[in-house]
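Below is one structure, written out as structure tokens; comments come after it.
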């Protein structure tokens, strides 16, 4: 009986996790080749019709929402790099109050996204009506995304920075290197792992943005903030008989994310070999 | 303090003000009456408490203190959101779900992490890799598939329907396994010699020594469960089961929303986690460092 | 350490209070583990009318519950509120879930869809029996105004709902502003009702006060005031640029002789000449006549109107009581229908009658039908009139003392019956999906009208934009009707 025990230990987690990831994806793959209605039933085999419609039809919003999501992601990435890293550097300098700042900056990460969306809905109205025009809406949402993640990412960078031995900086100073040079030649290379980690997490996370769109803009104005998660939601739950189409969209999204994760793993692997 | 760090301090303080501003906005707006909010959406202080208005009122001039609702106590919106908006029920639901999800997840993750860390069995590494690979699928993609599974199980709009997918999670297993591996093997050897079986070792030796990791994971899970939105939005229709996040989104969907009341409910929804965070900062921040470095 | 422990205990104590207040003791635990209610018949009734948005709804439901339960001691009515915007999704989820409602109010937007999904119990047999009831309790077709009985039946004559209200889109006018203007403007003064002795009745506007679109344009121009620096002080009209979409556009379309969709729900028809003209008319009001405040997402038409900043807005006839409640009692406003456009004929609008339906998963049809009869009978109508200021869909309602008292108390109700009678059938097929396709295009047309007219916009013309919207809407209809055919086939009714 000894050899059975480990399997009993891991069985519950396995059961639940595998069911609600791989099995679920399998079911949705099957659903995506049907015209499927999850509520009143009555499905019909559709072959690749749903995929064809998503990718090629005139009235499909797939490419539009993919593009919007990609822009949003890119803006979040740039925003995070421009805020979290400098903040971490500054926070390190302001040594005495580090803990206090960490707390204050971390607040958004522990507040439900719904609440942040409701508050910023009005703040964006007061400060420049950012949600009213098509070319400011998506950047405004990205601003919210960056603001929300500033503290969290700052803490990660702080951790990464604290791993860099201070002797490197001392040695560089003795050699006459200025602050900028120290940053370029010591900080950035040694921070690479953390940088890549933050970048990947930011991109993967921002690709799934939903709450702020759902609460604040409903995809508008003029579809400028319609992101892929929102399109999936609308087609799955607000339209009759298109659960199969929504499943196809979900699989297409997964494909995009998967490719990206593969790329990231490649980068990491090559880094490891380099460091060894 | 050098000039450089003084400058850094100033910038950090400015940044902190930017971070705190929305919370101040939320709090201040939650004290406003409907008319005060409609008249001035940007101010942090309700009109009837502003010095300018109070002075005007004392001088006998028309002021914001003559507006309808100016005589209401500042906590009126909090009371109303409970009386008319069932916010207390939503808060209680959020709490129950968070506690249940945290408890079950911790339990399941402890078992599996211990097996992966300390037990030897055929296929161990393969199974671990398989488990971790489930993290590749992002939650947004899983929304519709999980709904289909729950529907096939007949659990739509039930308590189990909300909780079951939330019990899944490979990240906790990963984190705890890391923590368990860091415990010196000699302690377990000693316990084994004393006659403890695996179960005993787990509960008497390993767990007490990995408290920080456990608390960290528990806190993260609790916060994640408290903040969950898309899943309950999709799987619930019976209002008795709504967590606060879904309840809030409903208030704001009304055609003529009472925003100050919504903000009051928001404050009540954000406060518990903030309090929890203040209590347990150390573990949360430590946990982030742990996850950031070990990927 | 001690302090932390004390705080922890305090927190736990607070939570216990929250638990108790929320009634989370035995009742909730029971509902977790058992399906059987303690009392006789539990009737689950869902609606989007919410006490959170207007406390009068709370009083209305209390009154209905008390009266009904007193007369039917074996029934316990349990209400649940579901917001309008999520209704379809929530109802669909409930139907495959654990605790579906027995009776619910359905907007005409979704009723047909619910019926096609097989979620509604046909009522023809119950209505046949109901023929023999006394008139105040009869809820058959002849008891209702004709426009109320349009959306609740299928092509084959199956009736799946009984109307409990009748609504229409209308123009709501701020009479404070109009009265002020009427002091020095004959044309504005003419909009008001004249009594027999030729004096002006400043509490009522004539039902047909606006005679044409040009007349509307000139009136709103007169009502628009700008300050010296060009900022708008008072606007003649307000247009919702964000999400107003098809709902805002369709009454104007109707008044220009057009229709949004065909009756069977197979084709969209709004991109014809009438529709293009209506769209251009609205865009011009904003961009050329400049009678509207700037488009703002966070500020709704209703809010601007309630603050007294606009003279006229488009709203449903149901919104009178909300205006009164949000302004704490102001009722000096009036309603008219939409004036005829160049291609139109007579005062027009779009009308609908939201209905009560019984779900197919209802297991106590008898209790449910008793409830429906009560709410849709004369007594229910009178309750809604007394507490909510609603006009009812029943013919006998308009002969009651209560209605005449309501009109005296709330003068804005005077034209409501005629407005409802002047309405055509509101669009009703797959609304959410159609809106998802059409509303962004209408948004673009309104927001970028000048560039489109100059040929530099995202669409070469308004015609092109509306035609694309119509094509996409037709795509929705096509897919929807295919799914309907599958549902019918599955149920063996195809």
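All chains are identified by letter, namely A, B and C, in their written order; residue positions are counted from 1 within each chain.
Here is the rule we use: a residue touches a chain if its C-beta (ideal position, glycine included) is under 8 Å from a C-beta of that chain, and two chains touch if they have at least 3 such contacts.
Everything numeric in this text was worked out from a predicted model, so none of it was measured.
A centroid comparison over C-alpha atoms places C as the chain most distant from chain B. Interface comparison, A-B against B-C: more C-beta pairs in contact at A-B. Per-chain Cα centroids separate chain A from chain C by 38 Å.
Rounded to a whole number, the gap between the C-alpha centres of chain A and chain B is 18 angstrom. Here the spacing of chain B and chain C, counted between their Cα centres, is 36 Å. Within chain C, contacts with two or more other chains are made by residues 89, 93, 96, 298. Those residues of chain A in touch with two or more other chains are numbered 38, 121-122, 125, 237.
Looking at chain B, one finds that residues 41, 151, 234 touch two or more other chains.
On chain C, the positions that touch chain A within their shared complex are 88-89, 92-93, 95-96, 113, 116-119, 241-243, 295-299, 430, 432-433, 436-437, 439-440, 443-444, 447, 471-472, 475-476, 479-480, 482-483, 486-487, 489-490. Contact residues of chain B toward chain C in the complex are 34, 38-39, 41, 68, 82, 84-86, 88-89, 91-92, 95-96, 151, 156-159, 161, 234-240, 250-251, 253-258, 261, 275, 279. Of all residues in chain A, only 3, 5-7, 9-10, 12-14, 16-25, 27-28, 31, 38, 87, 89-91, 93-95, 97, 99, 101-108, 110-116, 118-123, 125-127, 147, 150-152, 155-156, 159-160, 163, 193-194, 197, 204, 207-208, 210-211, 214-215, 228-229, 232-233, 236-237, 243, 246-247, 250-251, 253-254, 257-258, 261 touch chain B in the complex they form.
Those residues of chain A whose C-beta lies close enough to touch chain C in the complex are 35, 37-44, 57-59, 121-122, 125, 129, 131-134, 217-223, 226, 234, 237-242. Chain B makes touch with chain A in their complex at residues 4-5, 8-9, 11-12, 15-16, 18-20, 22-23, 25-26, 29, 41-42, 108-109, 111-112, 114-116, 119-121, 124, 127, 130-131, 134, 136-149, 151-152, 164-165, 167-170, 173, 198, 223, 226-227, 229-230, 234, 244-246, 248-249, 252, 259, 262-263, 266, 269-270, 273-274, 276-278, 281, 284-285, 288-289, 292-293, 295.
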